[in-house]
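Presented sequentially are two complexes of chain A, the first with chain B as partner and the second with chain C.
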Partner chain A sequence: MNVHPTILAMPVAIPLLFGALSLLMQGIRTPHRVRVQQILAGIAIGANLILALLLLSYTLSGGRMSFQMGLWPAPFGITVYIDGLSAIMLTTVGLLSALIFPFAVATMDAERARLGFYPMALFLLMGANGAFITGDLFNLYVFYEVLLMSSFVLLTLGGTPSQINGGIRYVVLNLMGSMMLLLAAGITYGTLGTLNMAHIAVRMGATPYLVQAVIAGLLLIAFGAKAAAFPVFFWLPSSYHTPHPAVTALFSGVLTKVGMYSLFRTFPLFFPWLLDEWQPLILTIAGLTMVIGVLGAFAQPTIRRLLSFHIISQIGYMFMGLGVAMAPTPYGVGFGLALAILFLVHNQIVKTALLLGGGAVELETGTGKLNELGGVVALRPFQAALFFLAAFSLAGFPPTSGFIGKLGLLEVTFSSGSWVIAAVSVFVSLLTTMSMIRLWQYVFWGKPHSKYRMPKKLATQGASMAMTVPVLILVVLSIAIGVMAQPALDAVQVAASQVIDRVGYVETVGPELTASDLQIPFGNYPADAVAAGR
Partner chain B sequence: MTEIYLRLVNLILTPLIILVAILLFLRGHDLPGGGFIAGLLVAAALELTILSRGATVTREQYGPWLIPLVGLGLLVAVIAGLLGIYGGGFFHGMWIEFYLGGDKIKMGTPQLFDLGVMLVVIGMGVTYLLRLSEAAEAVSKNDAVEGEQP
Partner chain C sequence: MTAIMLAVLVGVLFACGAYMILLRGQIKLVLGLGLITHAVNLALFGTGKLTRGAPPIVPHEQQVTAAMAGQFADPLPQALILTAIVISFGVTAFIVVLIYRRDALTGSDLAPGELATVINTSDPFAPFSSRMVMPEAADDYDILQFELDEVYDNPQAEGADE
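Presenting the complex of A and B:
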């Protein structure tokens, strides 16, 4: 494929352009406004998905690309960079927003649509895309702020008291995470004199261990808070159940996963040796996140509160993958990272399917409380079957993507000798299954209540389709990844090998950054670990 | 709420401040100034209108235009970036130079971007100020009502 690298700016430019246009439409009168905004959002989401697929096919055949904004050369201008991991994330998020879009169009109440749901959703997409492609630490912080602001508006859109309450907790705790990231960027600039991620990677090897540890620790706290890992996950369960179900589904597919992506990107690039040295710490975080998330889910009274605790629990598995990312396995270094990426994608697909399915139940019956629900399987047998499949994929049953992801992670943890975390993860899988069975019993089994009241807007054939088909596609995708595991594994292995290839990253961004004048030893880890590490 | 001397100040100062804002905007590329500061200054000028004529009147006058103004500003900024593609890459600066009565005048896409920033800042800034004044007016109205009760 031969395209101009300026195409790399488009994942940010397209949602921004259409978001700005639809914000401009806030000036015209109501019925037309929402219709026009829906059309604009549809075009932007479609174009974004096509672009993401194009970049995916380019990177998975081994290519990677970088572009300098405004053509200012590398350490001074803002770099955008794309490889397999970025393209996989762009595609997944693009696909999820394309599937949540019809659900939102069918179910969004007129008041929230009028207040600007569609422009804000486009800005959220822009923030996520920007975080996936940026090659500059400060720019990453800026895109986190874009994500934070647009998600805060989406969260409080409609202004019910529970939304305001959840929104305040969300924004306060997330701002602290952002402050940590800003602090890390400041310390990086003060000690290394650069914010370009390739340049940081080159210079990191020459800094004292203390500086490396401070930067790594701050980044771990910042991205951990964004990903809702133990002990900084409180913002998630106190806010995710309050907005419209389509917003919750969008958040679960995008927000926490951007935090995980940033960890997968920065740690193997800046300080891969710390992933080995800090493995006990990362695996402890992983274990506690898993256990506390799944135990919290047992105490929850509503569908979406229960599912949001499962988001936290599943983040633990991705931390487990991060912990063994650099561990030596029979399949080579980086296999752990490949499986962590696979698990991340699996989780985005399945979690969104569950939240869309659960959200549809909540919208159709008028309640999300477990003790008021029951017998939904008689009302909506097809949707119930889809929810069942998605729940079992989350728990890790064959032949779904959850099975492949968990089996692979177990294999890597066992073969690298991390027995304890492997045992914990199996135990948590069991608890997840129990929790899903509990949810199933409360919501779908039993006798239907007579007092369900379905809103008139949702009683049409079209609305029912818009709420079912996205879940169907996601479930089919999850089973497809499970059945045809080899192509999926090949793809994530290409992505992981590109992530751990630090030399390749620097050469793509700017070969002049290797700084021959400073004589810093720089190379791939673990090929020359001693020289690069200390 | 509508003080007569404040209205006089508003009448004289608001156009002056907006003029200064335009000057700051134009010198912004190489010297201190630019779209962000100019936008803040325009918002401050409109705050004078809010103070002298009350938030309700100002809301009626400018309210419907504020959020579309933010959209317009973002649109102008993206277009400035997209124009750069013609010159070799997204956000590449492109300049035109021409002479107007003996003075060299330089205009380019970075200025267009700055204009977008200015519009966004005006829209957001005036929205904040209006919301604050409306809240303050509501509080003072409540106080007045409570004060009348024995």
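Presenting the complex of A and C:
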């Protein structure tokens, strides 16, 4: 299949165009404004999903593409680059937004819809897409800010006291993370003289170890803060439970996962050798993130607070995958990274399913407090069954995607000799199961309370469908990945092999980049051992 | 010498900013964030070469040669700073609005101790009612109240768009 590289502008252009159009609608005083915005958002999300699937089919057949904006040659212009990992992320985020959209349309109150939920959701999508396809470190920072600015608005939309409280923490801690990223970009430019990711990869090997360590450390802090990893996760549990449930589901599927994507992209590309050298550090972060996340979940009194601590806990597994990304395994180098990508996708699917299911319970009963809930299984047996399946997928039971992801990660960590973290992750899985059982016990078992208030808007057949069908699709997807694991594994292995192929990345972005740096040894790691320049 | 002074200044700004953020009170928070963003911008500024009175302009007839490198400062970091200033200004303005909003809602610029009661219990399986009383400030579900009361139970509120 042949696609023209200009198509790479579309994942950013489509949400931007439709977001801007529906933002213009904000100024038009008509009773149908929200309806028009919904239609615009629907078109944009649909087009984005189709585009993402097209790019996915192109990249998974082995293709890679890059495009220089304005046709400026590689290190000067802004590079857009796509490979398997970017396309997988584009597709997952596109799919999740397409599934959250009907949920939002059915459950969003008129006030929040009028204040501009739909344009902001489109800008969020634009920022995420931009971060997935950019090939320029400073541009990555800019797309992070686009993503964050729209998430700030979405988080505080409606302006209730708890939202404002959570919003302040969220904005401040994320601003700090962004500043670290900006500082990393600045130091990179000051020492390497370039911001193009391919060019950075070429030049990184020849810089002193100290500079590499500073840049890598700043990137680890910055992306770790976005991903909510161990010492810098505090913004997440203090804000995720406050907005509308559809917003929480969107955040859990997009925001933290963009941070993980950036780690998967930058570390194997810029300094793959540091993944080996810093493995103890990364695995320690992973273990602490897992344990603290899951233990925090036990203390939480409401559905969404509990689930947001589980987001943190699951991020730990992805860090574990990052730690063993370049570890030698019987299946070849990069198998760890492949499984980390698989786990990332699994987590996006399952976490969104849980938050949509839990959000539906909160909306239908009027409360999310565990001690005020109970007996939902009698009211909504089908939704309860879906929630149960998603919870067990999160805990890692077969035949779901969680089982495949965790089994694979365990296999890699054991075979690469880091058995301590493997043991911790098994223990955390057990705790996750306990925590999910606790949630289930409080929310679904027991007698229904008499004071549940079903809002009139949600009592219709259509609203009930819009709240159930997205969860159903996500759960089916999770089970499908678990049952037919081989195609999923093949896909992520293609993606991982493209990510660790540094030479291929530079060839795709601009072959002249290596030619202009004749003295610098450059190659794939560990096959061509770049250690000479270090 | 200029470079060392700049480095010291960046460090001092970072330190002051971090100290201000750790203090109680939201205005100090905003000022501290302002200092930290300034520190980062200044650090970015230092990544171009620091020269005086040498604009990065090559006369029309002259060719750009390798010998010219280092004679004048790199202008690119300044373009980066411009972007960063706009972004951090926007975010800071947003924080100020949020703080103003919280002040208007709660009549105080300090955050209520949301987590205090949650930490009090050690047994995760304990029934909540006996151990924990959630204060009003920790109510997450004011969002739902808002929806249920003002819009859902009031059909004409939905149609009235403006």
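Here is the rule we go by: the second predicted complex is superposed on the first by the 525 of 534 C-alpha atoms of A that agree within 3 Å, B and C clash if a C-alpha of one lies under 4 Å from a C-alpha of the other, contacts with A are read in each partner's own complex, and residues count from 1 in each chain.
We adopt the following convention: contacts are C-beta pairs under 8 Å (C-beta built on N, C-alpha and C of every residue); 3 or more make two chains touch, one makes a residue touch a chain.
Since we're looking at a predicted model, the values are computed, not measured.
By the touch criterion defined above, A:Leu115 lies against neither chain B nor chain C after alignment on the C-alpha atoms of chain A.
Of the two partner chains, chain C is the only one touched by A:Leu370; chain B is not. When the two structures are aligned on the shared chain, A:Phe67 is found in touch with chain B, with no touch to chain C. When the shared chain is aligned, chain B comes close enough to touch A:Thr6, but chain C does not. Taking chain A as the reference, the larger set of touched residues comes from C, when chain B and chain C are compared. Once chain A of one complex is fitted onto chain A of the other, the partner contacts of A:Val214 are absent, as it touches neither chain B nor chain C. Within the superposed three-chain model, A:Leu16 lies in touch with chain B and out of touch with chain C [touch as defined at top].
Of the two partner chains, chain C is the only one touched by A:His241; chain B is not.
The touching residues of chain C, counted against chain A in their complex, run 21, 26, 29, 33, 36-37, 40, 43-44, 46-48, 76-77, 80, 83-84, 87-88, 90-92, 94-95, 98-99, 101-102, 105-106, 111-112, 114, 118-119, 121, 124-125, 127-129, 132, 134, 137-144, 146-148, 150-153, 155, 157-159, 161-162. Within the complex formed with chain C, the chain A residues making contact are 29-34, 109-111, 114, 138, 141-142, 145, 148-149, 152, 156, 158-165, 167-168, 171-172, 175-176, 178-179, 182-183, 185-187, 189-190, 238, 241-244, 298-302, 304-305, 362-363, 366-371, 438, 453, 455-458. If you check the complex, the residues on chain B that touch chain A are 64-65, 67-68, 70-75, 77-78, 81-82, 84-85, 88-93.
Within the complex formed with chain B, the chain A residues making contact are 4-6, 9-10, 13, 16-17, 19-27, 67-71, 116, 119.
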